[in-house]
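The structure under discussion appears below in the form of structure tokens.
Per-chain residue numbering starts at 1, and chain names A, B and C are given in the order in which the chains are listed.
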């Protein structure tokens, strides 16, 4: 063995060992806990009214968040790429801010301005719309922490979008409408899907921002992550495990679906078997 | 005349890209638009295709004035410099794109695509995606796609610009062969004078948005109309001399200079043979 | 139409980002600068900042060293299970921070094998610094690796091989060829790690026990103050972290621009 092979083996063992200890070991602990209890207990935990309501609320709020960002995030990406206007650089730099701001601080900011004594909150309350400690607050918190995903996933795709491809469609007789649906949309779709799915997964797991703004009233404004936290605090690891497993499964599944949908055309093998990353490398998922 | 252009001009803001250009392309001809980069040749091609609107001037295809027709209505085939293949479609679907738009019957379209793939040496690659092809293959797909709906003229913008030298030579031979076989009137843009000389039936030389000279490769080479054309095509040494007694003197050499006045200064060009 | 679109984007940013940030900043000084200063210099707050800094420093070093090694292994070595390893690295992204913390509790709890062993050896993991560091490592692990692996793949192994043919040993290759080309990408990944480590809340809350003056980080201190209706304290510390976030954002933007420029060259 040359010294180089020794070094390579040492590095490889370090990397594999680190990943196994840091990521796989904790995951296996959760899996073990679930297996020990068995499927009967799992179903019982998850269908318990408070847990079930938390899961439904989380999924619903995450879907609403995703839809809002899909519309307004796409719009923002297009405007930021195609138009020149005063303050453009400022907005562009601001996009990443939710990744740099602690989620708890994000929650405080929303609570301050949209709370009943806050500037916007008081105004909205007079019009009969309460945000804080209500469902809109949860969506607002999720919107804040996931803001960059759609915009940052779409921007590079929109910039790369070749005018030439659209022109080629024109010369082949395609109308602008046909060109938009058959050429522009398919080229942008992988970026949009990446943004949408990452938004959804991130929103599902959000805790810090929501715990501040939601009020955490069981059956009403308690999301799954807050429910899990409550179960841990009240020494019920079993209940926490079952709900965690559901959230994790949905998250993993979303990422696998995303992987399948955005696989380059003609590639049969999923990226995780080709050595690629599950998530598109152009999207940087940043701090919460 | 297959294509005719009269007094064509195009301004982009303060830049005069094309000024007062007129020429005609004959049926079945393979014509090269030659000029340095920024000379307006690509703009002329895009104006003919309808991808740009002329500031002034008229364009005729098949004797019909097409100024007011959109790109879609002009029935031209366009090959882009960087291929502009649809990345989300297979080779087959790329070539079939125009046929689907024109609502060809499925069986006819399939036969047409197969025929073109065979003609372009792309058999067996129909199910592949653009990113799985080499540069030369991509360009041939682009040509096949442009030819599929039977355009009345084929316009090519620097078709071999993005591939390496060896592949370029191969593609040139393809283009000549293709042109001989299909006999479709073709107009192509290049900045490579050697390529233009080898491939074209006739050459149009552009400089700074103006048409300098039109002629067969031999004409343009043997009888350049201006110093620019002389310098741009082939290699030439140019020296200055003064006319005296109907002769121009360059150093110790004398050449006949009929029709020039004594004392006039002339440029004399020499080509290696 | 154009104006309407631009106005919509401004409104979207205003409602979600600009408004809340500006309002919180104003609120932090609502009781005056003196009150703000008093809140962030209270012993509990200072302890929180110090603990956050300590955890961040440990996590930063671990992530930079082991993250770089993992990226090198992923980009340059071929072995069975490499693709699986690459897939696992993205997993923390899909795991809610609370669940990440919960998994550590299950792993190190007093009734588990690992917990019993460590307890017998007198090492306290849960509700102490080790678990807080592990939780933060878990959530920040992908940042450096995910930043460096694609970078190494684009750069290619050619210049490293060239250095070897010129007689450089592995350490020299790393120090003189690999590291310089990774510099801005590494700074980018490291900054992300710092941002997330400072801001981490859910995972740390679960494993720390949130013990005052002992395991209470800056974010936990904000949470505790908020729950205790001490909004002045919560806002003051939150504003301090927000200001740090802006600094981090600036470094991120610079590093991103430099990394892009370096890749072009």
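A few comments on the model shown:
Basically, a contact is a pair of C-beta atoms (placed from the backbone, for glycine too) under 8 Å apart; a residue touches a chain by one contact, two chains touch by 3 or more.
This one's a predicted model, so the numbers in the text were calculated from it and none came from an experiment.
Taken together, the touching pairs link the chains end to end in a line with two free ends. No other two chains have as many C-beta pairs in contact as A-C. Put simply, the C-alpha centre of subunit A and that of subunit C have 17 angstrom between them. One finds 50 Å separating the Cα centroids of subunit A and subunit B. If each chain is reduced to the centroid of its CA atoms, subunit B and subunit C end up 56 Å from each other.
Multi-chain contact residues, meaning those touching two or more other chains, do not occur anywhere in subunit C. Against subunit A, in their complex, subunit C makes its touches with residues 2, 5-6, 8-10, 12-13, 16-21, 23-24, 27, 66, 69-70, 72-74, 77, 79, 81-107, 109, 112, 134, 137-143, 146-147, 149-150, 169-170, 192-193, 195-202, 205-206, 219, 222-223, 226, 234-235, 238, 241-242, 245-246, 248-249, 252-253.
The touching residues of subunit A, when paired with subunit C in their complex, are 3-4, 7-8, 11-12, 14-16, 18-19, 22-27, 29-30, 32-33, 72, 75-76, 78-80, 83, 85, 87, 91, 93-94, 96-106, 108-114, 118-120, 140, 143-144, 147, 201-202, 204-208, 211-212, 224-226, 228-229, 232, 237, 240-241, 244, 247-248, 251-252, 254-255, 272-279, 281, 284-288. Across the complex, subunit A is touched by residues 49-51, 70-72, 75-78, 80-82, 84-90, 97-98, 101-102, 127-129, 131-132, 145-146, 149 of subunit B.
Residues 162, 164-165, 167-175, 178, 182-183, 186-187, 264-266 of subunit A are the ones that touch subunit B when the two sit in their complex.
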